[in-house]
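There are two complexes below, and they share chain A, which is joined by chain B in the first and by chain C in the second.
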Partner chain A sequence: MNAKQRDRVATVIIDLIVAAVVGILLFLLVYILSAGLPHVSWKFITGASDPMSGAGGIGVQLFNSFYLLVLTMLISIPISLGAGIYLAEYAKDNWRTSLIRSAIEVLSSLPSVVVGLFGFLLFVVKFKMGFSVISGAVALTFFNLPLLTRNIEESLSAVSRSQREAGLSLGLSKWKTEIGIILPVALPGIVTGVVLSAGRVFGEAAALIYTAGQSAPVTNFSDWNPMDPASPLNPMRPAETLAVHIWKINTEGMAENAAQLSAAASAILILAVLLFNLGARLLGNFLYRRVTASK
Partner chain B sequence: MEQTNLQLNKPDSQTNEWDARLHHATRATREDWAGRGISYLCIGAIILVVASMLWFISSKGIATFTQNHVSVWKFLTGTNWAPDTGHIGAAPMIVGSFAVTFAAAIVATPFAIGTAIFMTEISPNRGRKLLQPVIELLVGIPSVVYGFIGLAVVVPFMRHLVGGSGFGIISATFVLFVMVLPTITSMTVDSLRAVPRYYKEASLALGATRWQTISRVILRSATSGILTAVIFGMARAFGEALAVQMVIGNAAVMPKNLISAASTLTSQLTSGIGDTIDGTLPNNALWSLALILLLMSLFFNALVRFIAKRGQLKHER
Partner chain C sequence: MLKQYSFEKTAVQSFDAQTTLALKTEDLQVFYGANHAMHDANLGFPKNQITALIGASGSGKSTYLRSLNRMNDGIATVTGKIWYHGVNINEPNVNIYEIRKHIGMVFQRPNPFSKSIRENIVYALKANGMKSKADLDERVETSLRGAALWDEVKDTLDKSALSLSGGQQQRLCIARSIAMAPDVLLLDEPCSALDPISTVKVEETLLELQKQYTIIIVTHNMQQAARVSSQCAFFHLGHVMEYTSTGTMFSNPQIPVTQDYIAGSFG
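Now for the complex of A and B:
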């Protein structure tokens, strides 16, 4: 076999590999949607599930997933914004900064089950808060912070130097320059990152099993007082999310139709993640056009 | 001279005003202090989280050895895991974790490199447009969904193919392969793209075919980047919990072959920690497993740094 033939063979093999990878993704999507969507109904999406077998609807779980997502984002966006600004603007290039960066790297590479166990140890065991929405939201924040911080830092650093100089030469403080000039320009990138991380948070289960818990007590959806124990907004109640629900019915559930149930729930989860991905792209592009006035 | 005198003889009130302006912080400076304070606070919070995470898990994890006086060596090499009766040999889980990690990395790496080559060298425009979303979607699929598909498709398939229950290392490998594929691919793409253009041009100008250029120039100069990518993939496989737990069978015995039920550190943790009582030996033993996970994660981190540093040196020389 001469060099040219070898070249052709290698190209064919690479083409086959790519086809296999694309095929795997298509199979996954088609399988989940075709196995799950026929079992999805309005009653399934809004109904309550049986606390023992897990059979029935996913209404409470779906609400819990969104509620946890909103709480997590409320906690993690301000912190990672501050941390991102620190790294992009104030951090000097010295050993302290590199230590901080390694700490963030370590946090981002920790397995999510370890993050969840830490949340369990701190909130459920030490602070005796029990399995609760707030424990889950903080555990998800730990899991979310490093990625969001890095994304914000990269978006801020990507803004051209001349914008910074323009702000400073107008006599604005560094902080004002960062908030008033750099942040708006970096916003499209930041929003894309936030929405993508929202998708990740939405599908996360390992960090939640022992923090937000594995039970979804039926809540009274007409009671919106967060202090009330039966209210869906009460941050101290246990809150099984959709992803945890899928894990639970597959490993411990007694439901007879566990396969259909989890296929349907997986289909909903996948659709949500697809929407987040698509939304990130569209929102990012839209904001980019608005901010830069380019077409 | 006259003028200087005049200035020196300014009325007191004006001198004071100048003095005040020059010696006190302006609004902008105060704003900057506040902003600096806020950003320091945020980064401090993150550092605090990392430090307390390391501290808490380490102190819980070593309780097995300091309070229950189990020898570290026995814990790491013992093959009998029955915490209720006091036998805590973690070797089955350690072997299981490493087996699925290496197997997944070995299967995924050729696919990842092939895909990355396609995206950067063979069809940079069309390939990228098609494959970038594919990779992002593969990353986006939640791990419980991977676990469910593993349970619904891979396990019955293996049962059909080789008999037995279908649960085991090979099924876990299949699932992890798909999960680490996007991680390794996207990082390999980055490292292939970082190869200087003139390397490729020089090779092609010498009359090398595209494959010769790819295999002997591009892949070789991107080796340290690809190695980093593989290690990141392995770190993800090592720490993945639910998808593995759903398909591996969770039997805490030494894996005899690839098709019998086994368990990993993560699978044992997720299925066990809720059933044990805080402070008892079975509970402490599980925290020791968590400590191993933590240490391995730190090890993967250090390894990536080491490779990056060596790669840098080679380029500078």
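Now for the complex of A and C:
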């Protein structure tokens, strides 16, 4: 075999592997959507569910999922940004830094049930935060931080040293160089990391069952004062998310159409994740173009 | 077989009191850990002149140059004195950020920021508190003119700097440095990634700039050193072997190692 033939064989093999991956993905998508979408109606998407049987709509759960996602990201992005910048730029190459790195790795391999139980014991019980959006968001932050930190550190480290030298040689401080010059270049990579972790957070059930709770009390969507107990924005109310709802319908739901309900809810979950990814990417690209003046 | 040259026999000029020096180093030593990369460098740089640093690869030219604006902080240990306006700037308590505004640097590979052409120039100015749009616009124009780039980019200031050619990027980097209004400009092989035409442009730019700035340029290209510089220092294995006017350096080098290097019969 000469180089050209070998090249062709390799290309065919790679194409086949890619086709297999895409095929599996498409199959899953089509399967879930075709099983679920016929049972989806506007009333289902926006309506309330019956607290006992789980029958009815998923409006509150859908909102809860998004609210929890936003809250989790609000907490975890700044922290992991700080940690990522520290590791990429300031941390000396010594045993303390490698200890931090291994700690992050261990944290990222914790099973989500363990994170959930930990959140339950510490936040829900010990800190008396109860089953609440905020308990769930903090637990998810634990779950989210390692991957995001790692991702941000790697995105920043991938930016060429010469960019840092350029900034420093102009008399810019290390911090200013990092925030104003390196971070914008690393933005696309960071956005990818945020999108991936958001998908995980959105679909997470195990860590939330014991923290955000399994009930979705009827909320009053015309009351946006976060202090009011019935307001959807109140971070102290229990908030069953869509993923938890799906789990519940399937395990302890007593609705007779449980199969259809969970199929429909799954379809909506998938669509929501897709929409979120798309939105985050568009936003990321927009920001990147703004700060780098690239096409 | 590499020839051995004595480090005892050097020919390093010093300047009389009449010559104003923009920058001067006294017994400058640089260590990368245990690697003693620069020995006792005693060089003075006359104001508004171009000084070239030449020497083989690994002889310590970049090491020396990067010490001058403290870019080696955190990378190497630098001892000895660097005199700038009567102050030894190689002291721990010196504000290095302030120093780097006065002693600008251009690197071997063009490294414009991944921002628009305009933003490349104004970013550091804004960080230093320059706010007025008119002032900033004026700086953009004067520094781009200074770097002989204005005519080529004046209509595309908001385009990405990365869309420029390598030579244009390097001149943008020069413009970015001179926008800070430094006194001294350090250039580390600024033309090594450029084609001959861009090189000529950069050289013409430097000759023009020496009216306002003191320039120290590292170069591998002896013709370039001969074309642009008035003083020339020859480095060998971490030692400054000879420092003299460029004319003397190329026509009548004083010591064997320089003679061999200039003649191309080195090692």
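Definition applied: the second predicted complex is superposed on the first by the 247 of 295 C-alpha atoms of A that agree within 3 Å, B and C clash if a C-alpha of one lies under 4 Å from a C-alpha of the other, contacts with A are read in each partner's own complex, and residues count from 1 in each chain.
To be clear about the criterion, a residue touches a chain if its C-beta (ideal position, glycine included) is under 8 Å from a C-beta of that chain, and two chains touch if they have at least 3 such contacts.
For clarity, every value in this text was computed on a predicted model and none was experimentally measured.
Enquirer: Taking the superposition on A as described, I'd like to know which of chain B and chain C A:Gly47 touches: first, second, both or neither.
Expert: It touches nothing on chain B or chain C.
Enquirer: May I ask you to decide whether A:Lys4 touches chain B, chain C, both, or neither, giving the answer as first, second, both or neither?
Expert: first
Enquirer: Give one of first, second, both or neither to describe whether A:Val291 is in contact with chain B, with chain C, with both, or with none.
Expert: The answer is second: A:Val291 touches chain C but not chain B.
Enquirer: Is A:Asp15 in contact with chain B, with chain C, with both, or with neither (first, second, both, neither)?
Expert: After superposing on A, A:Asp15 lies in contact with chain B but is clear of chain C.
Enquirer: Under the stated touch criterion, which partner chain does A:Glu204 make contact with: chain B (first), chain C (second), both, or neither?
Expert: The first partner, chain B, only.
Enquirer: Contact-wise, after the overlay, does A:Pro184 reach chain B, chain C, both or neither (first, second, both, neither)?
Expert: In the superposition, A:Pro184 contacts chain C only.
Enquirer: May I ask you to name which of chain B and chain C touches more residues of chain A?
Expert: Here the partner covering more residues of chain A is B.
Enquirer: Check whether A:Leu172 is in contact with chain B, with chain C, with both or with neither, and answer first, second, both or neither.
Expert: In the superposition, A:Leu172 touches chain B and chain C alike.
Enquirer: Let me test your reading of the model: by the given contact rule, A:Gln163 touches which partner, first (chain B), second (chain C), both or neither?
Expert: A:Gln163 contacts chain C only, not chain B.
Enquirer: Can you list the residues of chain A that meet both chain B and chain C?
Expert: 171-173, 176
Enquirer: Contact residues on chain A for chain C in the complex?
Expert: Within the complex, chain A touches chain C at residues 160, 162-163, 165-173, 176, 180-181, 184-185, 291-295.
Enquirer: Under the stated contact criterion, what part of chain B meets chain A in this complex?
Expert: 28-29, 31-32, 34-36, 38-43, 45-47, 49-54, 56-57, 60, 110-111, 114-115, 117-118, 122, 127, 130-131, 134, 136-138, 140-145, 147-149, 151-153, 178, 181, 185, 208-212, 214-215, 235, 238-242, 245-246, 266, 269-271, 273-274, 278, 287, 290, 293-294, 297-298, 300-301
Enquirer: In the complex, go through chain A and note every residue touching chain B.
Expert: For chain A paired with chain B, touching residues are 3-4, 6-7, 10-11, 13-15, 17-18, 20-22, 24-25, 28-29, 31-32, 35, 78-83, 85-87, 89-90, 100, 102-107, 109-115, 117-118, 120-122, 125, 142, 145-146, 149, 171-176, 178-179, 196, 199-200, 202-206, 209-210, 243-244, 246-247, 250-251, 259, 262-263, 266, 269-270, 273-274, 276-277.
Enquirer: Contact residues on chain C for chain A in the complex?
Expert: Checking each residue of chain C against chain A gives 69, 71, 97-101, 104-105, 107, 109, 111-116, 119, 123-124, 127-128, 158-162, 173, 176-177, 180.
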